[in-house]
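First the structure, then my questions, so here it is.
The letters A, B, C, D and E name the chains in turn, as written, and every chain counts its residues from 1.
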């Protein structure tokens, strides 16, 4: 752990440098554009300065994003609509609900697939095919249809999260529930264990490592789902709405700060699953 | 109180100030209505929401509504708060666009999602192909913002007088750098932001009565907004839950929107309607609508509401 | 106790059928210690699995305690020790041994008592709360034997239980197993690759030959029931070992 | 009412057929037939419900309407397919997977990078790529290049992580063996670690197929020329041409499944030796 | 040929250091056949790995052919047979055996010739085009021996190469190995758990004891070089075996 501090810092430092350089490169055309229209001549110094301080840059400089984050995360009351914390919470709640639904659905499907040959043979290819459907295309329809039957607010977004997050859970859990080897299953047979007993005492515990790995993927997917769900709900609130509004008004700084917030959110949630995983597996004696 | 759900065409902004003012000032309440305003967004088709029963009444542009009507969704215009069109094409002078003749061979940014119909009628009136090439224009599906113009990816982009145009200005281009072509000036203006409901629901007298009260209160809201633009902008800002709108932009937008609503008391002007229909019918090989629509509007609501 | 008559078993594989057992006839008396020995792939495991109702014969008949293997399995008539220890990594040693007891619905108090007893039996008292990976391979194997003993089945089926152990540990466990067998009078079927092990442990040695798996020799051991380790250097022992070796070699022309 | 009955009957019949299929010994035929029957059942139920409940076709068109549109608009669908799948998705997929592969080699070669780049990379991978789409459209313009860029970003990390993991998949003993032959880095890579990494690499490649398609389509929502599957979907919703929307979705699902299937087949031939492929 | 002086090796683990080898001294002459025997975990594998430059000693010195293990490894002085066969599943048997030859840049024609020859040596002619998983465990093990033989190194390091085989196959391979050793005069270091195997094969038997790994006895075998299988029943053989067993038991109080 400690050994990685220096390399991580080095990589981060390099990224930052690269970012500043890219900002100069990408924002220079607009600086020149402005200069030619106003008839001014740009020297190197003022060019660099200009590219790092534009209002709507093609790529905002890191300090601009940092300042925006500081202003919207720390300096705003967290109940204010202009606080990123508020919007993160909106997204997070949909993410968590969708994640819970997706995990539930995924586990149920996996159990069905493992225990029922009919399901195994007919459902799996369609689960894969379902993921090739561009979700952004049907997201508005889902929302309209759910709206039509009177469901609105958190749930439609959560449904889209669910749609994206159940897939990794199904795949991982099918693998996990099938991970006990033939010998372990035979053992159960020699003890004349019932199906339920071999599920609770063998298949389920054996699937735990797979379960947590899929949870991590599902959590990230769920966040993406919540954000997608926020785009067509009318950009009401949430990180997705911030992305969209930023995009609508060309506020790149706002886009980037929402993006970074989303990544922080994802990293935090995936990290906490990792933590739970470590504790659980350790208590189960599977941390080896 | 009676429940009414209104679906807007776009995100919360001063374009819809009248409705927010009516709600905020209690005009709806006075009429015994409990109104829910649903903001729209880039992927929300108000026509579809109406069909799905997600809203009782929607704000929509007339070309989209008529197109939907021809597709079998019987939408009826019950009121028309916007008298004139705010749509225009904003071009860079340095891209060499001085008049409509200069469009040929250029790249133009156009909104789709039901907003492309006015542009297509205009081009067919000008007899310019939209398939690209020397004598045609190359059409870009314009995203949410005016980037293509700023980055010289397009010679012109679609803008609204009250919104995107000012984003261009905010970005640092000056009015002197630009040439604008208003659809109104080109004689191809189509009616924007009207209120639409489903035809069969109007047969229900109770619903009709609800709509009468709704339109009355909404128009009251619009007139209030025209008279108190700054206060109206503040009300809009309060209702913007994304927290992304700025006061400056909304006040300016309210000022511009007021110019468009100014000539309307809410009742649809038949002449405007005829002009819109003719413009849409004349769409060359692929017109937006193929036949004269019937029953696409009614005055019954506004008649009852305004007298 | 266990009797096989004209037993046949053919596996259907994509490469065509594999004849794993062919016309196998065998009688095992209650209290016998029977070893199965034979080259790899001759069907020892398959035979054991048929007895345990883990594999269905394609011909012939097996009776366990006078009933079919399935009924015997439902009556929990046997403990099965697999070739690998196969302990559950998420359960402690105690938890692993308790597992079959939980499944069979033994009351809690009795579970604890039995776990304690079998752990003592395999000399693992004090390791109850350890996880399998905290034990050496030999200890794991003993825990897996303890698990098979915990529910006191009359018949013990053991498939190369000591294959992975070094000679000294193996000798030690062999002694322990013999003692257990004597004390409890269980019937044991035991698969091994080691000739000395087979001779040392068994009252009956079954030599098998492959393709298709047949029984090529059944040797009733002349050795007394009481067997110190030194018996392995006695002439009787060497004679039996020799006979087993010859039997094996005969079926082994195709190495 | 009749149509609702039809839906119920279709469901019962479909399930019965599949149950019968499942009881038969497994074979290639059943493995193909079962999902097919299941799909047909779903479609029949869909048709029955749409007609039975008289669902407005601007909300959910019936499969028959979608099929009709599919047949009538082959030219249009083909143009969109070329623009989105062949130009956007495929080129981005190749570039993204290729770059990820090369960088994985570099990371694997230099442990410093591995310790520094992977944590940062995991953080970057948590970025919702959807949010990147408008930015990339801004950077790379409206045509397929920006779609390819979105695809590159989407497929990059799954591929990178899998390849890095795969390169560590050879076991210590196999690596020691190469050491006793005094084999250098490149030989070890070529003869041992790359072959051993193949199952993981294909995992990344397979995940990438669906991501590539979704990425290319989604990116078109943020600006595009007037063709492409994402463009058509987003504009057709506005025109209430839902049958065309669903026709595009069907094409997308077919293309995605075919792409996935192709990779799965390649996997089968390349990693024929892996236990999961043997059975 | 190989000499170890005051060899020490400590592994650093999270549980603290593990002293795997302590003050190990040994001389192996060219042409010797040396067996290492000792309880699990006593450091046999570790010692072999040090000789092969797969592990770095933390103290003392090893010389192979008068140079350091690393130089010897670079000079491709030895073939190493691991405990498990470790064949690459994506290569055929022939491809696996060809692997070291490709790496060492042997010309194509000669590669084919050598593969043919070593396959014959281990009696696998005809299996060249099969994949490892299509062979039984014993055949895989033989293929891995063939691979180590293919490039004709002077020194052969073998870590329990016959551990997974049944007695008959094992006897057979023991004979073959002896013949090969006699014919080629290679130096062989051989780890085993089986006392008879160690005694039967070796000119020198090294008995090790664990925690920390030390050499507790080095026995020079009095048996002649020519050894039929029957020699295993001779008194000299049994005497040596007895001495080895005693040595093992001494270091084995902690089973």
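Note that in this section contacts are C-beta pairs under 8 Å (C-beta built on N, C-alpha and C of every residue); 3 or more make two chains touch, one makes a residue touch a chain.
What you see is a predicted model, and the numbers here were worked out from it, not measured in a lab.
**Q** Going by the touch criterion stated earlier, list every chain that contacts chain A and also contacts chain E.
**A** C, D
**Q** Along touching chains only, what is the step distance from chain B to chain E?
**A** Shortest path length, in steps: 2.
**Q** Greatest Cα-centroid separation from chain E: which chain?
**A** Of all chains, B has its centre farthest from that of chain E.
**Q** Provide the C-alpha centroid distance between chain C and chain E, rounded to the nearest whole angstrom.
**A** Their C-alpha centroids are separated by 31 Å.
**Q** Between chain B and chain C, tell me the centre distance in angstrom, where each centre is the average of that chain's C-alpha atoms.
**A** Going by mean C-alpha positions, chain B sits 84 Å from chain C.
**Q** How far is the middle of chain B from the middle of chain D, if each middle is the mean of its Cα atoms, in Å?
**A** 38
**Q** Roughly how far is chain C from chain D, centre to centre by C-alpha average, rounded to an integer in Å?
**A** Averaging C-alpha atoms per chain gives centres 50 Å apart.
**Q** Which positions in chain C touch two or more other chains at once?
**A** Residues of chain C never touch two or more of the other chains.
**Q** Would you mind listing the residues of chain A that make contact with two or more other chains?
**A** 58, 136, 140-141, 144-145, 148, 231, 247
**Q** What positions in chain B touch 2 or more of the other chains?
**A** In chain B, the residues touching two or more other chains are 42-43, 45, 48, 52, 143-144, 147, 151.
**Q** Among the chains present, which pairs are found to touch?
**A** Listed by label, chains in contact pair as A-B, A-C, A-D, B-D, C-E, D-E.
**Q** For chain E, which residues count as touching chain D in their complex?
**A** By the definition above, chain E touches chain D via 49, 52-54, 73-76, 78-80, 82, 84, 86, 88-90, 99-100, 102-104, 131, 133, 151.
**Q** Using the touch rule from the top, collect the residues of chain B that touch chain D in their complex.
**A** Checking each residue of chain B against chain D gives 42-43, 45, 47-48, 51-52, 64, 67-68, 71-73, 112-116, 130, 138-144, 147-148, 151, 153.
**Q** Applying the document's contact rule, which stretches of chain D touch chain A when the two form their complex?
**A** Against chain A, the touching part of chain D is residues 15, 18-19, 21-23, 30-31, 34-35, 37-39, 42, 59-60, 112-113, 115-117, 119-120, 122-132, 134-135, 138-139, 210, 213-214, 217-218, 221-222, 229-230, 233-234, 237, 242, 245, 248-249, 252-253, 255-257, 260.
**Q** Show me the residue ranges of chain A that touch chain B in the complex, using the header's touch definition.
**A** Within the complex, chain A contacts chain B at residues 29-30, 33-34, 37, 55-56, 58, 80-83, 86-87, 136, 139-141, 143-145, 147-148, 231-237, 241-242, 244-251, 254.
**Q** If we count contacts the way the header does, which residues on chain E are in touch with chain C in the complex?
**A** For chain E paired with chain C, touching residues are 39-41, 123, 136-138, 165-169, 172, 193-195, 233, 238, 248-249, 252, 255.
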